[in-house]
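In this document, chain identifiers A, B, C, D, E and F correspond to the written order of the chains, with residue numbering beginning at 1 in each.
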Amino acid sequence: MTEVRVLNPNTSQPMTDAVAAAARAVARPGTTVTASCSTTAPASVETAVDEVFGAAGVLAQVERGEADGVDGYVIACFGDTGIDAARERAAGPVVGMTEAALQSAALVAHRFTVITMPPRTIAMTDRVVRALGLGHRCTVRAVDVAVADIESGAGPAYAAFAEEARTALATDGAEAVVLGCAGLTGLVSALRASLGVPVIDGVAAATVAVEGLLAQGITTSRAGTFAEPVGSATTREVWG
Amino acid sequence: MTEVRVLNPNTSQPMTDAVAAAARAVARPGTTVTASCSTTAPASVETAVDEVFGAAGVLAQVERGEADGVDGYVIACFGDTGIDAARERAAGPVVGMTEAALQSAALVAHRFTVITMPPRTIAMTDRVVRALGLGHRCTVRAVDVAVADIESGAGPAYAAFAEEARTALATDGAEAVVLGCAGLTGLVSALRASLGVPVIDGVAAATVAVEGLLAQGITTSRAGTFAEPVGSATTREVWG
Amino acid sequence: MTEVRVLNPNTSQPMTDAVAAAARAVARPGTTVTASCSTTAPASVETAVDEVFGAAGVLAQVERGEADGVDGYVIACFGDTGIDAARERAAGPVVGMTEAALQSAALVAHRFTVITMPPRTIAMTDRVVRALGLGHRCTVRAVDVAVADIESGAGPAYAAFAEEARTALATDGAEAVVLGCAGLTGLVSALRASLGVPVIDGVAAATVAVEGLLAQGITTSRAGTFAEPVGSATTREVWG
Amino acid sequence: MTEVRVLNPNTSQPMTDAVAAAARAVARPGTTVTASCSTTAPASVETAVDEVFGAAGVLAQVERGEADGVDGYVIACFGDTGIDAARERAAGPVVGMTEAALQSAALVAHRFTVITMPPRTIAMTDRVVRALGLGHRCTVRAVDVAVADIESGAGPAYAAFAEEARTALATDGAEAVVLGCAGLTGLVSALRASLGVPVIDGVAAATVAVEGLLAQGITTSRAGTFAEPVGSATTREVWG
Amino acid sequence: MTEVRVLNPNTSQPMTDAVAAAARAVARPGTTVTASCSTTAPASVETAVDEVFGAAGVLAQVERGEADGVDGYVIACFGDTGIDAARERAAGPVVGMTEAALQSAALVAHRFTVITMPPRTIAMTDRVVRALGLGHRCTVRAVDVAVADIESGAGPAYAAFAEEARTALATDGAEAVVLGCAGLTGLVSALRASLGVPVIDGVAAATVAVEGLLAQGITTSRAGTFAEPVGSATTREVWG
Amino acid sequence: MTEVRVLNPNTSQPMTDAVAAAARAVARPGTTVTASCSTTAPASVETAVDEVFGAAGVLAQVERGEADGVDGYVIACFGDTGIDAARERAAGPVVGMTEAALQSAALVAHRFTVITMPPRTIAMTDRVVRALGLGHRCTVRAVDVAVADIESGAGPAYAAFAEEARTALATDGAEAVVLGCAGLTGLVSALRASLGVPVIDGVAAATVAVEGLLAQGITTSRAGTFAEPVGSATTREVWG
């Protein structure tokens, strides 16, 4: 059995359940999907301050995952919070929902759009887009919805995403849509039906990407950037 | 059952067998991997002229695949020959071994190298690297080995690849290696053991990528670039 | 006498006549302009599938041209279909109408726009724009006109191009316009008069570019990418 | 009086003293330079795991600084650890030593080199280089020296930096050198004398940059990315 | 005492007085700000022809400044006219108002806009944006106001700048505004109050940047591009 | 009759004669090639200070050319000194030898190298390479030869260029060579014979490019950047 664990950088149990379900829906028969979340903060990742707490939470979750013998990880937060540290600490591969969503989109569309939320987080998406070099093929848009609204049911968010997506299809040359937040899986099928183009949920994309790396027998390179952090502290040593 | 077909743009049956085996080695339990190849030319894809024949061959293979109800396709030739036409013609997703290998590498290394062959094909790899925007993270190198030599056993190629890879690790900051040719699967485990970094075979990478798109329930967008080519001829109409 | 042959990847004789006339209108006194077209398909190049047939047609035309002792070639199709193979096979220089138009525009304007057709072909133009690196200086737009409409007289197309060009001048900072399709020569003078900016027909631009390379005494480099394809088949060998 | 505080993401008091001294050496007459450091970890910032602890430490230091009425901040760690969160939390401007050093170098040289340490941190520098868009004007190199060695006196590091710098001047076209680590101020004058080109210490560069922003009367924009993180927790709330 | 001289490439004494005042408003206590301007032409820098005269004027001013023992220079013209020659000729550092404004903006905002004037000068700003590599973080806009109107009081210009800035904040994701012309200092405080984001005057930004380089003890590298122009004529030798 | 005038920014009559001859060697039968040079300075263009004088000289030459009814211009100096002002002032098209050489190279080679001289002028070439966006396809190298040595016969320069070119072919993947200085026409045939790849002289390339624009009936756009500089002074008004 292969265990893929979905790491939620925030503390929301409903969102953790939602991303675990999204991962399970696409996982291979032989994969067990588990999920964990941060313990104290952040409630959601909407600011760079939240990302500091979120990255710490991801690192702590990876340390626990390594003790549990987890085979690979998905980071279920748009912006891929804490991914570099997770890659150093985990023996197995780690894939962020943002990078995976962008990669899937690039395989099914010439140009595409990412719709994230709230608007101030556009810079977090830009960071991943630039790291992958995909700026010439996608636009980054945002809807002005708070992450908390998503958790309480995607209803109000649906209309905002659909409208923004239609604008992107009409004016950006976008041919596919990436949903820029974890916990939006519930919007996927309605948006696909309504828009008639691929709509991508990064948690699903990252889950199959991790499974794909495991099937290929590869994990994070230890040759340089992501070598084992032998001299570095653990979250337990620092924060107990 | 899901059928993924590996399309070999050249006419070599041994290479077709080899890439089918490489795909089967990583495929999900529920996936049936089949393979086909071109019928008249090219013997191998080493020139742009070969790519013209190879693209025609890929298109013909996709037309046959659609008649057979194939669910998704892998293009097993470095440079992803014929991929745009294949995406238009196929109902299901199509992934090239080059783009998939580059994407896998970007998930396990900060910088990496592609080692293709022979040197004149570097431009074909550059084309894919630029389409994905990954030029800032990889170098493209080549070994002076003919594709025919690969088919007759990877022996002589092994030393050339190993040496070029070591140079890339030492001087390019590369942390992973992409093998830039189909049919090199036999080199993978020896190179991994010797180099100590991820070594990626694009056929394996593309196979899991196609499966991943199928698991996500998405296929090529029909919204623009890859809309169905309704007015276009078929290879049968043109070449019989 | 120097012979420049204009290669039309599609099978339309009227368009072949039109592009030949466009080339003759700008050619040097000592240049003989001839023209040829594809024989079976495509009727026009509007899809990637069409490009597969168009590239095969271009290659066959070059093979014939080499037998005829042609000195240089123009590829008269936006997207420069088949150009890499043509460069390998031809002894003399080969210039695509897209690359030549972009280069001419860059010599007369800081920013410019390309207006192609139909919209799904934007990706073909993007490919050339990126190969040349001119993305920071041009936008790529499209009008929703079928290539067939052009052949039957440019009337309906004129209004669409003029309107799209005016939008580009007003909103993109464009200072010149490239017509993104062969066979639009008939629109050039009316558009120039109406818009008051340079309007560029790629067939004319490519014709003078080929002549310019011939006058400089240079042709395609044989040092790597475009070395003679000695082991590759000919179209006659493959398709009879 | 204006107070600029130098934030050391690591826990080393000697390094904190060193960077404070480097800042004081360039500060305006009316500026009071203070300094603080992290409390529990990291000992130095050499891994992405260290950056997680370092970013938390920077954020905690900014929270203290805000209580103290600090006017502006310098982040004294190559890679500018924690800078986005610091910008959100601080009322006044925040400048990282990496971005400031790159900007100073761009004002005195056409091309330049950054020499960081140890080699695995090159990716951290790449991140800042790309965020600023300066990849076309600089190379990023590294010497294989541990940060701990720097603290115990720059002696052994000097030779390594001088040699790497000479290679960059000879082979990269570099015309100036950025020292890619805090605590290297002691190397500056010897390297300048020996190399005959500008040698830039980022702590000095960032100090004058913060003062310059204060003199211009500007601070971080609150219009989007760096708006006040009103809903986000504080480090005290999370870690006590 | 340190002397920073503000060089106005045009011949307007009111603008020279205005930029000197802008520099003095931000300079360190120990800095003496002086200013000079061109003698015959241009009246303002609005064309590339004006830049030819402006560059000659800047060079002549630097030659005079060197005789006067000036420590560092600011070029007070958007587009940084003549900066490369000034860097060669001056012993001390030279900073252009455009590059400095862009650098300051990059320290306080994720994305920003430059509003220059008149529209035909956008290419001059693009040149500096590309030299710094900041194209991914800023847009370049223009208002259709003549430079002469600025001199006669910024009144009419204010409304135009405010409106264009609001459009940029709403549609470009801009979080800060750079005023793209010397002599606009008078607009700064009203625009800041009205827009609620950082508004940057390049003369102020360049003044603190020159002071910052002087405080760091660095000046233009003599290692290559900006080596002393020993064989080159002086403006006095050429034009008397 | 069409008159193309070659503008030499420096004062060397031998070099003026050489570039005129280079242009005549490739010009159309119906073209009269004339040439002019600067009057007082610079002796050669090797520094940014030289470029200030060179740009003024080019502008004066264009003013004279316009009075003479010249149809189009070539700027015969690597770096294309003064080209923007020339474009504004001239009714007909203006092409720089650098931009034309880069464009010709891009039509005959996947990658190429520019070999300029002396090394400090690399930044001038970089400026043109970036304006055209060709950085991904060429390297810029330099030989340490003074321009004066070229005038006295290309003998000593030949060996330096040949060696640097061989290095570029072997290590940069270059497939063609651009000679980065006017007056090197004498080296072209020997280098072509020796290297076996296209060797491009920018004066020849620019001559056919100007003729090509004239044949297309297009000249510099007046829509924005290069609109007529109606309010700008003339060199006669400024310098007599």
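For the reader, a short list of remarks on this structure follows.
One rule holds for everything that comes next: contacts are C-beta pairs under 8 Å (C-beta built on N, C-alpha and C of every residue); 3 or more make two chains touch, one makes a residue touch a chain.
Treat the numbers as computed from the prediction; the structure is a model and nothing was measured.
Chain pairs A-B and D-F differ in how many C-beta pairs are in contact, and the one with more is A-B. Chain geometry summary: the mean Cα position of chain B and that of chain F are 43 Å apart. The mean-CA centres of chain A and chain F are about 52 angstrom from one another, to the nearest whole unit. Chain centres here are Cα averages; for chain B and chain C they lie 30 Å apart.
Multi-chain contact residues of chain E (touching two or more other chains): 110, 122-123, 130, 135-136, 173, 224-226. Contact topology of the protein chains: irregular, matching none of line, ring, star or complete. Chain pairs that touch one another are A-B, A-C, A-D, A-E, B-C, B-D, B-F, C-E, C-F, D-E, D-F, E-F. Those residues of chain A whose C-beta lies close enough to touch chain D in the complex are 40-43, 46-53, 55-56, 59, 82, 84-85, 87-89, 119-120, 122-123, 127, 130-131, 224-227, 229, 231-233, 235, 237-239. Interface of chain F with chain B (complex): residues 110, 136, 173. On the chain F side of its complex with chain D, the touching residues are 122-123, 126, 130, 135. Looking at the complex, you find that chain F touches chain C at residues 26-30, 93, 95, 99-100, 103-104, 106-112, 132-137, 169, 173-176, 192, 196-201, 204-205, 208-209, 211-213, 215-226.
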